[in-house]
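Take a look at this one; I'll ask things after.
Naming follows writing order (A, B, C and D), and every chain is counted from residue 1.
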Amino acid sequence: MEKKKALWIYENMNDIRNFEDEVHRIFTTGAIPGFVHLYAGEEAIATGVCAHLTDKDYITSTHRGHGHCIAKGCEVDGMMAEIFGRKTGLCKGKGGSMHIADIDRGMLGANGMVGGGFPLAVGAGLTSKYLKTGAVAVCFFGDGAANEGTFHEGINLASIWKLPVVFVCENNGFAEATPQSYSSGSKTIAQRSIAYDIPGETVDGKDLFAVYEAAGKAIERARAEEGPSIVECVTYRNYGHFEGDEQKYKAKTGPEKELADTDPIKVFRTKAIKKKLITAKQADEIEQLSIKKIDDAVKFAETSPLPDEAALYEDVFAQ
Amino acid sequence: MARQSKITMMQAITEALDMAMEKDEKVILLGEDIAGGTTVDHLNGEGAWGGVFGLTKGLVEKYGHERVIDTPISEMGYMGAAVGAAATGLRPVPELMFNDFIGFCFDTLLAQGSKMRYMFGGKATIPMTVRTNHGAGASAAAQHSGSYYGIFGSVPAIKVVVPSNAYDAKGLLLAAIEEDNIVVFSEDKTIYSLKEEVPEEYYTVEIGKAKIKREGKDLSIVTIGKMLYVALEVAERLAKEGIEVEVIDLLTVAPWDEETVLNSVKKTGRLIIIDEANPHNNTATDIASIVSDKAFDYLDGPVKCVCAPNTPVPFAANLEKLYLPNAEKVLNVADELIADLK
Amino acid sequence: MARQSKITMMQAITEALDMAMEKDEKVILLGEDIAGGTTVDHLNGEGAWGGVFGLTKGLVEKYGHERVIDTPISEMGYMGAAVGAAATGLRPVPELMFNDFIGFCFDTLLAQGSKMRYMFGGKATIPMTVRTNHGAGASAAAQHSGSYYGIFGSVPAIKVVVPSNAYDAKGLLLAAIEEDNIVVFSEDKTIYSLKEEVPEEYYTVEIGKAKIKREGKDLSIVTIGKMLYVALEVAERLAKEGIEVEVIDLLTVAPWDEETVLNSVKKTGRLIIIDEANPHNNTATDIASIVSDKAFDYLDGPVKCVCAPNTPVPFAANLEKLYLPNAEKVLNVADELIADLK
Amino acid sequence: MEKKKALWIYENMNDIRNFEDEVHRIFTTGAIPGFVHLYAGEEAIATGVCAHLTDKDYITSTHRGHGHCIAKGCEVDGMMAEIFGRKTGLCKGKGGSMHIADIDRGMLGANGMVGGGFPLAVGAGLTSKYLKTGAVAVCFFGDGAANEGTFHEGINLASIWKLPVVFVCENNGFAEATPQSYSSGSKTIAQRSIAYDIPGETVDGKDLFAVYEAAGKAIERARAEEGPSIVECVTYRNYGHFEGDEQKYKAKTGPEKELADTDPIKVFRTKAIKKKLITAKQADEIEQLSIKKIDDAVKFAETSPLPDEAALYEDVFAQ
């Protein structure tokens, strides 16, 4: 990993964390309405994967999409304004937290439908292959989403058409309040790759380097026209399923609690400094700047106007 | 035996589920996180959630995970399993967490469950109640705010119920679970906390019957779900001008109660239907077309529909408010109809 | 340049697909067995099928498997892939083999494709034409004979086209593929072999415009798809009694052509809509409700809908015949409307 | 295998073959309308599986359902009348070939929706487990159906709930005109069992004994409350996908042709006689009786009345 990349990674992970912590704080004030699902705790995944991508590559995301958006280059001002439902939002305030998108950045949208991203990513992969753009499509999905039929249909299509798609499972142990160990017939999600004769790997999703390496391999494979892979990243979410969740299902002790307490940002900071990829001073600076950046985003959102009433009727059809 | 205080529509629904399960062992519930935390050790069999809105809270503690079944996120799988279980002797009550997920399980209702009895020459019986919810107004954005009871209602052999209040919700849900047919029971997520007096006893409210919530002789307003409250506000305001509005709460949207609606229109000669679904091919237009036909000679003005615009549901709070039918929009339409009465 | 002989609607559709692919490399087709036999050695790249009805025959030979893509039986997968491909620069034309399979892929249209542009504040463009077919009359039984264009039509941001003949089929399909929106193009499987004069050239027929197929001043009949031929028969028979029927072929059922329909009704004062879909919440009731409202002062009688009964499609030939709207049923209704004219 | 069972098996295979050959013949005369998918060539599967079942057990079937119906005990008279669209049909003529059902026999219906049977079988398994009836539900499905999302969702549900369901894949190499080797990311369907941590086995679907044994094991496992299995039976259909199919995709030589030319009924006859389960004389008799039985069924159907017109409006709702 290059130093520049490591700096970007550290900044990006901090941006995600600060963004989510702020949204969490503001949600309790009532200024943000609706369903909000926070990504805090899972930063290493979006960051480690998107570190390999450029604007020409695509990602599909989930209901828990803020982290993917930031890692794929969406502006935090426009994101925060979107979550506030303001005119200056990335989607003019018409989408909200679950529907942030930025097609120009290859961000094909957070998605309120669990499992909705699989076919979309396959389609983006099809475009890439057909137009020979060299783009890769990454499909982020949860352990819960892996039980939707779209998982099966999507991965099978990508496999038989050898599409440049990488399926990244964010296995945070739960779908809402339902443990993955209950909802999934298979012990791991990665082992399901055998059903499609493609590679599948399970890695520590709290360790950026592990994610970075596994995703890098899968993305390279995709770019080399060798077809799709599944990369399963084991992780945990810091907050509840959505804001307001009592989280009674979370373990208070044992390995689950240890996983919960592992902070991927701290892990990265320590390792990256040790590997001399960043210095402590740089890290401190990034942390400070990131806080400021997110503060500014909140201010931007708070002071942005509501959408004009005419917007209700706009953007239905393309002309 | 009247209970001390009013209860919410949410509590009424939970109570109905409880009573239905108490009464008949064959009633089982399936859905995502309707218990929550199944197999989590430290919960000791208790539910972590009781559904995303808490409607099934307490039931797993009483009836166990055998009857309150958490499902993976596999709507087609568990909804189809409910059809299969119904065809073989159980009375499943699956929950579709939001009606917006219809696209993940529509086949099991459209092509399997609703057609089996007919295709099999009357041999299959599918006693199954699909609980779901609809409605804008909760800032839940485009994929969690739709109103699709009209789509379910377009399918032959599916009955569709949309309760507007706690009393009817309880009675209709119990009636639905007693039915030997597929009933889609669609709750409006924004009125779960409305309170009403609700008897503690087991009782049913007849499916297929509308209720006249306010009598009047000048203008009929037919409503679906929470649109009732818009109509009542309109009625109140028009009463001040001496206009008597008859407000009819449809309750069952498929098959809807032609008799009650037609009788009212024959009396008033004027009809507005409020339906928060998107405006085309919905329940409102169905009613409008049938009433315009069958009550043609009684109408003093055109039947009017007040619906959502033909757009997805926007997220921003101001736009979402504008999206929903409200008293102003209805009054605008009413003014036209009753111009000659003023 | 007129070609020698008439061609079938089937041929016209194939021709349109061919021309659209010729014109724009970004047009690709996806569907089950639309080529057929992909990877079968002895076929040497030729298609084994060309679709279940042969509509895509010859295209894989011309454009290759890269553009005429056989899919596994994964409707949600490939229909959603079409949405994803459309959002990223292609112009996919997926085929849903029967519209009855809507329940397997509805989410990709209802919640994804149709909402993306709106939810994303106008940033997404989804140029995609879903070809499918509908209709009873082929003894295909309950799960392969439904007419669900009305369900697609209830979804905002989806246009729905139902051609009745070869000429319009070709022009409308080319127009659909040119559109930067989702268009569902629903063919009636029982009229694929109807012949018509069809220019060899590339031409488009405007989406959203109905066509007056026969002028008349006494009664308007609006039709969808093959119901046109029922109306023409009715017109012929009523002409013998001196009644002049105006027959309007809707062609686009969502958004349907209010202007043409209203103008006709304003002239004739009477309207029948023939729609072979099940009778509730369908296109016919939508038209009836809007016309009954907007043309209220022009109507000499109620707007009437002639639709299928509210049942699944039966298999037995005699029952299926009875299921479909026909001239007798329409004449019965017409007699009432025109009683005063006779 | 008991001798009585072997006699039933041979009769059943012959009944299916004769039934299908007759339907094929009559279809060309135009007396049978609609879509008809014939089971000829695959007799060993339905027969070998249903040989383990009784009326209390359930099966779900496919568009190619005649064989399953016969093996599960549906009367051939009523079946034939149904295919002719007559009042005396098992479904009063309202269902047709693709929707023959007989709930009393545990036959939950042929199904025009590919992949439609998976969830239904799961539901039947749920009923069995909940009511402790000891019944097993068998889900017959094709290689093509295995690519529907319902395959994934259904089998996963059966796995996590340990339901008494056996998933029997009739892998006849094609879905319509599409080869399984193209449409499936995995080489076999059985290998997909790993995605659900359940047993999966591929057997020769032309060999009744192989099917009988594998299905017997899986059904026993299901009855013992040990959960579901996948049994993949490799087979071939004698006719086209449906009546009218040109079958250009079928190979004229090589292993595919050999598989096509293997007649499961002849294979069984030879082996069963060798194993002294049946005698040649018994076999001859069965063959003759079967022909007569199916002839009678055709006569029954041909002479049966059409449904009354009122039937159009009946059987929509239960009262």
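Heads up, the rule we're going with is that contacts are C-beta pairs under 8 Å (C-beta built on N, C-alpha and C of every residue); 3 or more make two chains touch, one makes a residue touch a chain.
Predicted, not measured: the structure shown is a model, and the values here were computed from it.
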Shortest contact path, chain A to chain C, counted in steps: 1
Cα-centroid distance, chain B relative to chain C, in whole angstrom: 31
Geometric centre distance via CA averages, chain D-chain C, whole Å: 35
Between chain B and chain D, centroid-to-centroid distance (C-alpha), Å: 40
In chain B, residues with contacts to at least two other chains: 71-72, 74, 76-77, 100-101, 103-104, 107-108, 111, 118-119, 141-143, 156-157, 310-312, 314-315
Two or more partner chains touched - positions in chain D: 91, 93-95, 99, 111-113, 147-150, 153, 156, 160, 182-184, 316
Chain-level touch network, classified as line, ring, star, complete or other: complete
Parts of chain A lying in touch with chain B, wherever the complex brings them together: 33-35, 85-87, 91, 93-99, 111-115, 144-145, 147-149, 175-179, 181-184, 246, 248-249, 251-252, 306-307, 309, 311-313, 316
In the complex with chain D, residue positions of chain C that touch it: 32-33, 36-43, 48-49, 52, 70-77, 100-101, 103-104, 138-144, 309-312, 314-319, 322-323
Residue ranges of chain D in contact with chain A within the complex: 147-153, 155-156, 159-160, 182-187, 191-192, 194-198
Chain A-facing residues of chain C, complex: 28, 66, 69, 71-72, 74, 76-90, 92, 107-108, 111-112, 116-127, 156-157, 159, 179-181
Of all residues in chain D, those that touch chain B in their complex: 58, 60, 89-95, 99, 101-104, 108-109, 111-113, 116, 118-128, 130-131, 137, 149-150, 153-154, 156-157, 160-161, 314-319
